[in-house]
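In what follows, structures are represented as structure tokens.
Paired with chain B in one complex and with chain C in the other, chain A is shared by the two complexes that follow.
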Partner chain A sequence: MIEAPRQSAWRRLQDAWLGTVLVLLYLPIVSVLLASLSNTRYMQFPHRVWTTSAYSDALADYTTAGLHLTSFKIALVVTLASVVIATAGALAFARYEWRGRRWYQRLLLLPIFFPQPVLGLALLLALNAAGLTPDWRTSAFTHLVWITPIVTLVISIRLYGYDVQQEEAAYDLGASRMQVFREITLPVLAPGIVSGAMFAFLLSWSNLPLSIYTTGADTTLPEWLFSRTATNYSPLVPAVAVIATALSALAVLLVWLAWSGLRRLLR
Partner chain B sequence: MARSDRSGDIILSTRNVTKRYGQVEAVRELTLEIRDGEFFTIVGPSGSGKSTLIRMLGGLEAPTTGSVWLRDEDITHVPANRRPTCMVFQSLALFRHRSVGENIEFAQKMRGVPPGERRRHALEMMRIVRLPDSYYNRRIHQCSGGEQQRVALARALASDPTILFFDEPLSAIDYRLRKILEVEMKDLHRRTGKTFVYITHSLEEAMVMSDRISIMRDGNIVQTGTPRDIYSRPGSRFVAQFMGEVNVFEIREGRIASPEADVSAIGRHGYLVLRPEHLRRLDGQDAADVRFEAIVESEYMLGSRLQYHLRAGDASLVAEIPIPAATGVTPGITARWGFDLADATLTED
Partner chain C sequence: MKIGRRAGPLAAAPAMLLLATGFLVPVLIVFAFSLLPPRTFGWTGELTLSNYSTAFTDGYWRNLAWSCMLAALTTVLCLLLAWPAAKALHRLAGHRATAVTLAIALPIFISESVRLFGMALFLMPGGGILAGTLDAVFGISVGTILNTRIAALLGLVYIHFPFVLFPTLLGFSLLPNDQVEAARDLGASGWQVFREIELPLAAPGALTGALFCFVLSLGAYAEMSILGGQAVTVITRAIEQRFNYAQDWPLGAGLTMLVIALTAIVVFPFLRRVDIDRLIHR
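Take a look at the complex of A and B:
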């Protein structure tokens, strides 16, 4: 009973800490939302006029739709390709013993530690040397170089806690190698694959440093947001940013709902 | 399921099987014969090669040289998924993303058996291993350790193997549950009539369940026989010591040095092996072929009997006496002890 006041104080401190962290995390997002509800070209608060006209402009503007489409195309290609490459890569990374595995593990992680602007420049130079004209496809390739190792690591985490003898048991029970992969390995990896896919999509969708170097004449959403914030700011910029955030949240929600439904069906 | 008509025939054998991993020879020139319908246990210390051997028997590893035979058929290069055998792994290797029923049905699903028939068969297997029908839809993590053992057994039985392999499946289980499962395994073996090949490093498990035991050491088999034969007539000091507490005396020119005695009636050279229960405390005029005085150094309670560590000259000895007969023996006293040569075994190494 003597401990109760101390526990209560400790609990209040925990709540205050949690509240501070949440405010620091979400305040910038709220700021963007508030900025989008103004009609002035300069950020100031509180607004003299509250309006949603920037949203009407954003939805009516063909250019912003094109930006979303370009970013979506890149993110989709990167998600699909990185998941396929990373699934195989994760098996090589964490599942099988083979000669050179340690070097592979180190080399695979290298692109993550490269500063992205340096990686973007290096890849642009490589593309030029190869005679390729930068566009959204080369950008997708550069995103892949950076994102695939991350997805590989996310999927590998599933494999580290996995009893490999399950595969042997399935084989021993009469399954072919393909059946073992389909019935045992893939379902075990599935949560990692879904997480990796979501990571890949969001990292590509929001990437600026690599896209700046490698999209050529095409423009992605982060590139447009950056350039318009620097040179020609209007409430259209935060409005487009809010729409982009909402779309990425929607994409994550849809994937999560689809995955939950699939799991329920599989049970 | 009933015992086959061919019970007692050789069902599985190896001929000079060797398995090398680089420079390491895990199994060396091993020849073995297992009879149809028997509960055969391979016992050995860690690193003796028993797991490698059972993996070769099950087709999960290929021998480097030698061959594996199923009756008259050479199955050395037949992969595990095409052999009429099934393994229960040490980790059990249950599919945690599937329910109990789906685990048990797995082999039949791989063979394309329709879902209704699979379910009926799975429920039948669950009854054999004494799992309630209500467990069919349970997740693996909702089952206790003992229930998971039963699921693994049911899953293996559901594939209807001719031979069932067990790779130390009880090693990670607490003592009480292990004792229960040992009895259940033996009972299951009797009811199914299948050939069980069991690997363990536990002598106790091997003794309780097996019809025959092989002792492995350094990649080869050093002795095969019934549990009673191996316990009472070990072929070497290694087997004797592996099968439990034992007193070993070196014999030179028909004599043992400490305690000093003439044992030429049993042999002139080699080792005399004596189980602790055959070393008796002598009272008054009690007769024994070998008699000596020894100091009782310590006493240990082993449940129904007491174990005494004795010193006779340079020799450290172990004796075990049932509790009612152990009165008057306490640490620190000097007493007369003895044994009969008929209870001892002579080994060459």
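Take a look at the complex of A and C:
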């Protein structure tokens, strides 16, 4: 009991620490937001004039629309393909008992524990050896190599808490393999598949190190932002960064709303 | 009943095919390229180890050493930051814990280039967010750490912190709160609680995070060029220069193989020992 006051002071210190960490995490993001609200060619904070003109410039600019489209095409392909491959992959990862499963689990973790720029470079060399010209499609393939294992893990987590006996009971009652998958396994997996899809979209949309090496003549948003931060800065750059981030948040919000609406409808 | 003796390989096949063509084959191609004579582009030429000897005699070990040192420093700093944060997060419960966890996770999904750019804007000298505010409000003018090794290190810590925090948190979630309380009631000191209870239980999670952080930092690239400027040439930057400016693909491939080998040395012992089912199952 004598310890109590010291302990609570200690706890308050920990909470303060957590708060500090949170502030530090958002400081750069807020900085981008602040920088976008100016109209001067050079960064001179605090701005003399606060304006949203950079946003109207960004929206009127044809190039930035093209960047969004390229990033969107890649993210869409990656999301659809990775979810299909990873759903099957998760069953093999966490549900089925088969020889070679442990090897498969480890192989699947390798691309996650691998430096991304090195992976991008390796794929660039491989594309070159195969005689393929890099463009947004090769970039989507590269994203897929890194993102599919992550989505597989996300979906697998659902399977670990799963009661196998439901499936067995259905088999005993004469259900076919397809029926069991559609009626029992898929509904259990569904929340994992939805969050896996969100992960895939967001990770692909925001990826820089893989895209740098594998998009060829096409340019994604993070690539453009990366090159423009080094040279040719204007408030247009932070404005595009804010728009791109807001769009990805909007996409995820829409998917989430559609998903929860669908669930309420089915119930 | 064991299900999926035959369905298992079938379900795993698409993912295996993807990783074979998109991961294993490219790594083998890099290896093959690294054995070609310097400055060749085709697939002809005597196999040679000269790229590897050049990698060591031409001072590239210095770039590799910088990469390793920065990665190690990043890992240590991230662990020091993440441990108390994970502890505080573990103690929070219910909606507040979910909200804080979500708030920490969200920035992961904002592009690296946006976040690092924001950091550069914050640190910029003169009219940067920090320098400008200090000047306008307090009349203090400060210098900048932008384009130094310190800035690069801060960028690395910033980007990789969540990758250490979440596995550490996973470790802490194995830790029963009442056990800590009981130890405290029995008169254990803070240091004893840390050494006897927290460390052994939360260490596997923290170690996974540390490994993750080290490997990802080793290959870091954007942090260095956006925040570090010309202050330090890490190995990934040296590799990129071989490919783009020097047009020496075989040497670039040789250096890439060194990074891959280093990654393998760190990751394989971990993968051999870890039981994935248990790690996720909890």
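Here is the rule we use: the second predicted complex is superposed on the first by the 245 of 267 C-alpha atoms of A that agree within 3 Å, B and C clash if a C-alpha of one lies under 4 Å from a C-alpha of the other, contacts with A are read in each partner's own complex, and residues count from 1 in each chain.
Operating definition for what follows: contacts are C-beta pairs under 8 Å (C-beta built on N, C-alpha and C of every residue); 3 or more make two chains touch, one makes a residue touch a chain.
If you're wondering where the values come from, they're calculated on a predicted model, not measured in any experiment.
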Fit or clash between chain C and chain B when superposed on chain A: fit
Contacts of A:168 with chain B and chain C, given as first, second, both or neither: both
Which superposed partner A:208 touches (first chain B, second chain C, both, neither): second
Which superposed partner A:62 touches (first chain B, second chain C, both, neither): neither
Chain B versus chain C as contact partner of A:184, first or second or both or neither: first
First, second, both or neither for A:11, with chain B first and chain C second: second
After the two structures are overlaid on chain A, angle v-u-w for chain B, chain A, chain C in degrees (C-alpha centres, nearest 10): 90
Superposition-derived comparison: chain B or chain C, residues of chain A touched: C
Shortest span in Å between Cα atoms of chain B and of chain C, once chain A is used as the common reference: 8
Residues of chain A contacting chain B in one complex and chain C in the other: 168
Contacting residues of chain B [partner chain A, same complex]: 58-60, 79-82, 85-87, 89-91, 93-97, 99, 106-107, 110-111, 155-156, 159
Chain C - residues contacting chain A, complex: 1-16, 18-19, 22-23, 25-27, 29-30, 33, 43, 81, 84-85, 87-89, 91, 100, 103-104, 107, 109-122, 124, 126-129, 131-133, 136, 158, 161, 184, 190, 211-212, 215-216, 218-222, 225-226, 236, 239-240, 243, 249, 252-253, 256, 259-260, 263, 267, 270-271, 276-277, 280-281
Residues of chain A touching chain B in the complex: 163, 165-166, 168-176, 179, 183-184, 187-188, 267
Partner chain C, residues of chain A touching it in the complex: 3, 7, 10-11, 14-15, 17-18, 21-22, 24-32, 34-35, 42-46, 84-86, 88-89, 91-102, 104-111, 113-119, 121-123, 125-126, 129, 141-142, 144-145, 148-149, 152-153, 156-157, 160, 164, 167-168, 202-203, 205-209, 212, 221-223, 225-226, 229-230, 237-238, 241, 244-245, 248
